[in-house]
Amino acid sequence: MDWFIEADSVGHKFALMFVAILLFVGIMGAILFGIDKLKRVPIWVVVAGFLGPTLIFVVFGLVYPGLNTIKLSLYDAKSKNFVGLDNYVTAFTQDQFQTVLRNTMLWVVLVPILATAIGLIYAVLVDRTRYESLAKTLIFLPMSISLVGASIIWKFVYEYKPNQGNIQQIGLANQILVWLGLEPYQFLLNQPWNTFFLIAVMIWIQAGFAMTVLSAAIKAIPDDITEAARLDGLHGVGMFRFITVPSIRPALVVVITTIAMGTLKVFDIVRTMTGGNFNTSVVAYEFYTQSFRAQQAGLGAALAVILFVLVIPIIVYNVRQLRLSEEIR
Amino acid sequence: MNGTRRRRSYVAAAAAGASLALVLTACSSDDDGGGGGDDASSSTDCAAFEQYGDLEGKSISVYTSIVDPESVQQTDSYIPFEECTGATIEYEGSREFEAQLPVRLQAGNPPDIAYIPQPGFLASIVADYPDVVVAAPQAVIDNANEYYTEGWVNYGTVDGTLYATPLGANVKSFVWYSPAAFEENGYEIPTTWDDLLALTDTIAADFPDAKPWCAGIESGDATGWPATDWLEDVLLRTAGPEVYDQWVTHEIPFNDPQVLTALEAVGGILKNADYVNGGLGDVQSIATAPWNESANGIPDQTCFLHRAANFYQANWDEGLTVAEDGDVYAFYLPGESADDKPLLGGGEFVTAFADRPEVQAFQAYLSSPEWANAKAAATGQGWLSANSGLDPELLQSPIDKLSFDLLTDDSYTFRFDGSDQMPGAVGADAFWKQMTAWIAEDQSDAETLDNIEAAWPASS
Amino acid sequence: MTAASAPLPPASLVEPEEVDTTRKSTKMSRADARAAAVKGKLSSPWTSLIAILIAIVWTVPTFGLLITSFRPRSEIRTSGWWTLPWNFELTLENYQEALFGSSTSLATYFVNSIVITLPAVIIPIALALLAAYAFAWIDFKGRNILFVAVFALQVVPIQVTLIPLLSQYVDWGIAGSFWVIWLSHSIFALPLAIYILHNFMKDIPPSLVEAARMDGAGHVKIFFQVLMPLLTPAIASFAIFQFLWVWNDLLVALTFAGGTTDVAPLTVRLAELSGTRGSQWQLLSAGAFIALVVPLIVFLSLQRYFVRGLLAGSVKG
């Protein structure tokens, strides 16, 4: 048994990795094989075979902790005494909370729309060009760089130095302002624009995701359709508007939804760049601070539940899309 | 208990040949070390370690917020203990320590020993996890009483029980300056608060293009903490240590008029556009200037004074010498009068979550002068301890020596960093954020203090 | 495809024969037609300008970091990276320190990262494929509600799961092993993976699946022979993002594995490069590029799976 738990040599680690993958593949294979061999099994057995492992995983790892969070949100900071809705009252009556909610809304609206739009336009523009691979790699870069890397990258864009004597700008954005004869600007400090400059970082990261998925979807558009449309006189914007976008509609829904969900949860950008100061905080960051730094378990849990609630519109949107596509089918 | 990660080999033991030799020669000055690592154990004077017994095959996990390169100095300092007792120390450092430790404690996965940098955090752990945290054993209590002043012992004590002993210490009441610039312009090191303000005015008049002070409180998600140190340091001076203690323990409210006076005094410097922010911009720029780089104007002579702890020495550019006759150095932030000498500082506390004999032995070792000296020898510069058994000759940096002198000098009244003793909701959240807003948004003194008072948890 | 939902229904307007005639008459092969389309597109200088502009805006900040990672600290803080041509001073010291400065060889962390990442990508994708298949192609009661529930689980922040999961792992005695990292990453990836794969799977024309059913194919056969080949681009894109997520993850590794060198991935090492008080942050820029190498290789090598016309070919067949 120890062999499975402790691995300290390179060979051992890789062996363990292959054992894990094989073990998993073996179990999955056995389930599928069983389903396939047994003819005339009731439908629920088939469903259980396909869905069972997943449901066990998510109930154990997500549903239970989620419910636990809802419970904790009704208890005090030490999770000992029941306090009813006090934490929610505290959350909503914090003087900054209006701003936090407003910021969260800005994030969750702007990031998915702009990142998807940019990713889509770019995917269409570079599609079938000679430099496609290189061009896509460039947009993908921000996605693959670690968050620590990203925060330093943007430090060298937004960094502020006064316009005086022999002091040089080290932030690119301010250097450009100075070159243009303007005064350097405190990008992270001046409200309310600082929130938009933080949002720009997230768009910069997420456009790569949108571009990759949408590019794959564009490539999956049957050639017949594009060629037919082209013969029909559709070019450029017309092609984009009437063929490309409608054809990849499902992929667009996926991308927008995924980015919106990710944006709701993201707090690292706020954390590393402003620490939630200067009225830039978002719900996810407040949740993080209250839970892990201020040691206010109850308040932190309540903020997490508020996050759950904020996602409802996205779910509703997806359910409607689901219905729509079922009808078409 | 998590029994799965015990076997970790401490690879640095092999890699740290050079520093090992350093530690060992320090331990046993009679022997020259012979020829490297193989006969090292024979050259270590193990007499002082006999009290810990034979711990062959035992291991102790240590969880801290201290990471590379400082962690190497930590682990090097454990080598004599490992050599002599046969125990293995599994060291893990993480910058996410403060968020991770409660998770591990609550999940039932505690380390054997953790170095907790805030007495307030220690108190809340003792309150929240009374069954997990282990009170100090007798040998540790004896060491604490013998080698540490009562104040330091008290910071590791919760409700009359000693839980933790100090590990390292730092001194925050310093003002960094350039000795060359001072000499060039004939400036004297001020010995009273008024002298300091007079010097500030003189510099402001002499250098219309520069500013006397520079400051920066940006520090990622901990942005604002350097400003809290400012307020604490000044409150110690304007109201005195007794009021300071009442304020820290919330006997007087956070927004007490005496605190308001102190904040006004801080604002007299930090929010005075004639005094700040040399080379970094206007008053607001304090909020976005990274703390780590905020004093770089001193060698460049765009600013002249920077209040920061002794550990700021790690931030200077390579090639600058930190010494009284070097490029940069620090003087004691003066009190109201030359005899009034409050001293603000901080440190980490060794807390145990297991009572196995080897854990207790290691805890005792860490509170002993043997360890303090081994650590000092293993550290080039940037470390000191409040352990009175520490041999000051082993401290290699002038600023470390100066800090140790101040810490052990009875004429200075030591007080621990206040925000580190307050509940997390204040000391690691509201206090930082409100001080940042006080600078960035020009929030009024009274409103700032009122907001922090409002954040103080009701139960504490 | 849902081209049927297009405001302009091209299929009804353009007869297949017409395409053929045109093709014959102009003697244009499909590749030529494509080339023409490309030409037509790029002949507009505006579109290329926009593409180049986006590429520049997206790349320049990263390029700045690349240059920064080769500059000495004192230079970094006093002048912008774009001044390099005027004060040319480069050093490998940051990389030297990031690569070899640790008491533990960086190779150990690389190995750990790879050992963590591969199963943490393969397992959730395999599970999600099966689940997505069930949601898309097996008709059972409560299917949509269950799907929406799984989908909505995306919003559960990982931070709230840490304590419940870790307590359980400690009880089972497997805390601190690779197993809990694989398991945790798989759990966290499932809702998104199922959501993405389901939506792509649903997109496959039902006629294909019906035809296979008519031929007597069971679920397993349909799954492997009909659907899997069509899903390659979707799987490849999700694999990339799951890979990135796991490769760049710090939180899961720190919480469940601890930072010990037996299991700690590269990110744990990178996070501590800047030192206890964050003063050595210039090393982070070098570290960021060291960590970037592997994801880039993965992206470039998976790109060939985003092949055009996979789906198109099958629609015609």
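By written order: A, B and C. Residues from 1 in each chain.
As a convention for this text, a residue touches a chain if its C-beta (ideal position, glycine included) is under 8 Å from a C-beta of that chain, and two chains touch if they have at least 3 such contacts.
As the structure is a prediction and not an experimental result, all values here were calculated from the model.
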item	value
Centroid-based (C-alpha) most distant chain relative to subunit A	B
Two chains sharing the most C-beta contacts	A-C
Nearest-to-centre chain - CA centroid comparison	A
Separation of subunit A from subunit C, taking each centre as the mean of its C-alpha atoms, in whole Å	12
Approximate Å spacing (C-alpha centroids) for the pair subunit B, subunit C	42
Whole-Å gap separating subunit A and subunit B, where each centre is the average of the chain's CA atoms	38
Multi-chain contact sites of subunit A, meaning residues that touch two or more partners	5-6, 8, 292
Touching two or more other chains - residues of subunit B	4, 8, 103, 219-220
Touching two or more other chains - residue numbers and ranges from subunit C	77-78, 163, 173-174, 177, 262, 271, 281
Residues of subunit A defined as touching subunit B within the complex	5-6, 8, 76-78, 95, 160-162, 164-165, 167, 186, 188-189, 271-272, 274-278, 289-290, 292-296
Contact set on subunit A toward subunit C in their complex	4-8, 10, 13-14, 16-17, 20-21, 24-25, 28, 32-33, 35-36, 43-44, 46-47, 49-51, 53-54, 57-58, 60-66, 68-69, 118, 121-122, 125-126, 128-129, 133, 135-149, 152-154, 156-157, 168-172, 175, 204, 207, 209, 212-213, 215-217, 219-232, 234-236, 242-243, 246-247, 249-251, 253-254, 257-258, 261, 264-265, 284, 287-288, 291-292, 301, 304, 307-308, 311, 315, 318-319, 322, 325, 328-329
For the subunit B and subunit A complex, residues of the former touching the latter	4, 7-9, 98-99, 102-103, 124, 127-128, 209, 218-224, 279-282, 284-285, 287-288, 302, 423-425, 428-430, 432-433, 436-437, 440-441, 451, 457, 459
Touching residues on subunit B, where the partner in the complex is subunit C	2-5, 8, 11-12, 15-16, 65-72, 75, 90, 92-96, 100, 103-104, 106-109, 219-220, 292-293, 296, 311, 314-315, 317-319
Contact set on subunit C toward subunit B in their complex	73-74, 77-78, 101-104, 162-163, 166-167, 169-171, 173-177, 250-251, 254-255, 258-262, 268, 271-281
